[in-house]
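Two complexes come next, and they have one chain in common, subunit A, joined by subunit B in the first and subunit C in the second.
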Partner chain A sequence: MTPTEVLKAQELVYELKIGDIMTRRLITVSPETTMREVKQVLRDHRISGLPVMRDEHLVGIVSIEDLIRALEANELDAEVNTYMSSLVRTVGEGESAVRALSAFGRAGVGRLPVVDDDGRLVGILTPGDITRGVLRALERAYHEEELRKYRVRHVFEDIASDRTSLILRYDIPVRDFNRAGRASSQLKQTLVRLGIDPRIVRRVAIVSYEAEMNIVIHSTTGGNLVAEINSELIAVLAYDSGPGIEDVKAAMQPGWSTAPDWIREMGFGAGMGLVNIKATADEMHLDSWPRRGTKLEAVIYLKPGEGKTGHETE
Partner chain B sequence: MHLHEVMALLDARFVSSCCNPTIDVRAGFAADLMSDALRYDLSQALLVSGLANPQVVRTSEMADVAAILMVRGKMPSADALELADEIDIPFLSTELTMFETCGRLFAAGLPACQRFNGR
Partner chain C sequence: MKLSEIARALDLRAVAGAARLETDVTGGYASDLLSCAMAGAGKGNVWVTLQGHLNVVAVASLNELAAVIVTEGKPVSADTASKAEEEGVVLLQTPLSTYQVIGRLWDLGVK
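Coming up: the complex of A and B.
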């Protein structure tokens, strides 16, 4: 397992509900059952413990350890209620599997009765159920994502041409701060599904997001973001039709910003957007015509060596 | 550093539905202006911020941030939380100031994020 897959497995344990992984087939005994009968039930079903029920209420748990004590005392005809544990810790079927894991750790028991919202016994959970549940969920998640990636990659392979590109176009509305970043988010997801190196994806996402935010913040009527993906590079083109940048050279200086205070209060207008794009992309071209609009093009190469990948220490 | 260690150090708590304390953060960065943050390599890092709007989440999504921590007891806006749940990123909150938060994390061994290689 790679570290990412381990992380995914941990996340799944948090998402898994006890009700989804518990054993529902309930075999129970009454407090008056003899330990001899318990021995038979455990053996027949190859299990190591049983809930003890009286009138549909859980009153205890009898386990193989209790059976051993009865055997040692030569009391196999004793009733279950003399040997069972009656202080029973339960877990809810809606709780996360992680709650059960910590309960197993604390209580030192091998099984936990699972109850519904009304406190009725609905199943039983063992550490083995959790392992099986996580493995099943992991397999499901893996297959879903692999299938998606496989389909997207095949689109490229099945199309025959001298140069195939995928072009994604996004409309960027002006001053819509709740939706701002949506285009870059969708672009990023697409690149991940195409199976592109995560470090390249991150760089494209940063370039595209800064460009998108510039349109959201500064344009008069909104603009467009276009990403072209081919086998060699990813090009991000961002353009709008005004107001244009008065002084392009000044705009490329770190910290230079024309953003008003209310934009800064939202976390933007640090005067680093264009600087970040230039530093993150392999190539950047910026053209602007006052009152007519701005066009920014940034290129990131997919092959190592052609692009910048390293980091420097501040 | 695992999120549960971060939580113990800062008396922080989860405010998002994504609440996995075993997530590992590799480094830390603190900023209120998001473009300042994007100049650095924030992948798998903890982003400390006093900014409580959806853009802090979007920025984190773009930069592959592992977890977001709000300082000064701030709560993220409903929009920000909704977005955090959508992209499945954990959001934490502490009562401490940004200064003390960073000081405690750094003293406990969480390194600073490094800058992207610029040309």
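Coming up: the complex of A and C.
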């Protein structure tokens, strides 16, 4: 596995619910069952441990290790309750698989009974169940993302025209700092799925984020972010309908900003937004009409040599 | 160096993304201005800042940062933490100042 896949696997262990990966087929014995019968049940079902139940209540676990002790003592006719472990640690079916992993690590047991919200036994979990669950989820996630990438990449090949463009439009609400950056995130995700070079994706992300934040911070009624993607370039167009920039030349100076103090306190309004866009994009055009609105267009070329190698810091 | 080693050495508290501490850290960046972090912090960097609000998550996610270290015990809201969790962004908190954090990171070899 690559490092990203390892990371993904770790995340999945947090996301997976014990109830989704446990074994539901419950084979149980009573405290009065003999160890001889236990031996037979373990062998028949090829399992290594059994929950011990009395009147629908979990009272213990009897495992192959207990069976070996009974065999050594030549006490196969003894009842389960003399050999089982009765201090039983359980896990909840709604809990994350990572809880079970740490329980396995600490308790040194090979299986954990799984209970529902009312404490009723609903399944059994072994470390093998976790491994299988993670592998299945990993495969599922991988296939889903690959399928998405495949579909998106083939859009350009499957559509016949002299020039095909993909146009993405985003509505940017004004002063909504809770959703700010959403358009740029979605645009970035689309570019990744299209298989665009990560260095280009980063440059588009810088441009679109700054343009998006300008609309969030400064516009009167919000605005739009439009990205056009074709085989040669990515163009980001951001426009709003006011208030317009009084002095465009001043606005292009590093550090020049009209943002109010409360916005500056959040770390915005440093007067670097337009400067960053200009430094990052291959082309930038800014038009603004006081009281009527602002239109910003930035272009980034996909082919190397045609534009800047970027504003790279790595 | 792994993020988990840094978190241990500096005794940082994971507010979000505790499952993503095994990433490699490629370097660091410090600023409280979001535009500067947007342009200056590279993929896999840790970003040291006083800002603990929601918009930090967008910058970290867009730049694929290894983590954001929020300094001087600045509170991180539950909204911010859950957004970070959703976006796969690691948020680490410390009572240390930005200056102290950077000094310790430098000593650890994060350059």
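Some points to look at:
Going forward, the second predicted complex is superposed on the first by the 268 of 314 C-alpha atoms of A that agree within 3 Å, B and C clash if a C-alpha of one lies under 4 Å from a C-alpha of the other, contacts with A are read in each partner's own complex, and residues count from 1 in each chain.
Everything that follows uses one rule, which is that a contact is a pair of C-beta atoms (placed from the backbone, for glycine too) under 8 Å apart; a residue touches a chain by one contact, two chains touch by 3 or more.
From a predicted model like this one, the values you see are computed outputs, not experimental measurements.
Contacts of A:188 after superposition: both subunit B and subunit C are touched. In the superposition on chain A, contact is made by A:205 with both subunit B and subunit C.
Shared-chain residue A:14: touches subunit B and subunit C both. Using the contact criterion defined above for the overlaid structures, shared-chain residue A:272 touches subunit B and also reaches subunit C. Touching of subunit A by both subunit B and subunit C, each in its own complex, is seen for residues 7, 10-11, 14, 177-178, 180-181, 184-185, 188, 198, 202, 205-206, 209-210, 213, 266-268, 270, 272-273, 276, 279-280, 311-314. Contact residues of subunit B toward subunit A in the complex are 19-20, 22-24, 32-36, 38-41, 43, 49, 51, 53-56, 58-59, 61-64, 79, 87-88, 112, 114-119. On the subunit A side of its complex with subunit C, the touching residues are 3, 6-7, 10-11, 13-14, 98, 177-178, 180-182, 184-185, 188, 198, 202, 205-206, 209-210, 213, 266-268, 270, 272-273, 276, 279-280, 311-314.
Residues 7, 10-11, 14, 177-178, 180-181, 184-185, 188, 198-199, 202, 205-206, 208-210, 213, 264, 266-273, 275-276, 278-280, 308-314 of subunit A are the ones that touch subunit B when the two sit in their complex.
Contact residues on subunit C toward subunit A in their complex (touch as defined above): 19-20, 22-24, 26-27, 29, 32-43, 49, 51, 53-59, 61-63, 79, 87-88.
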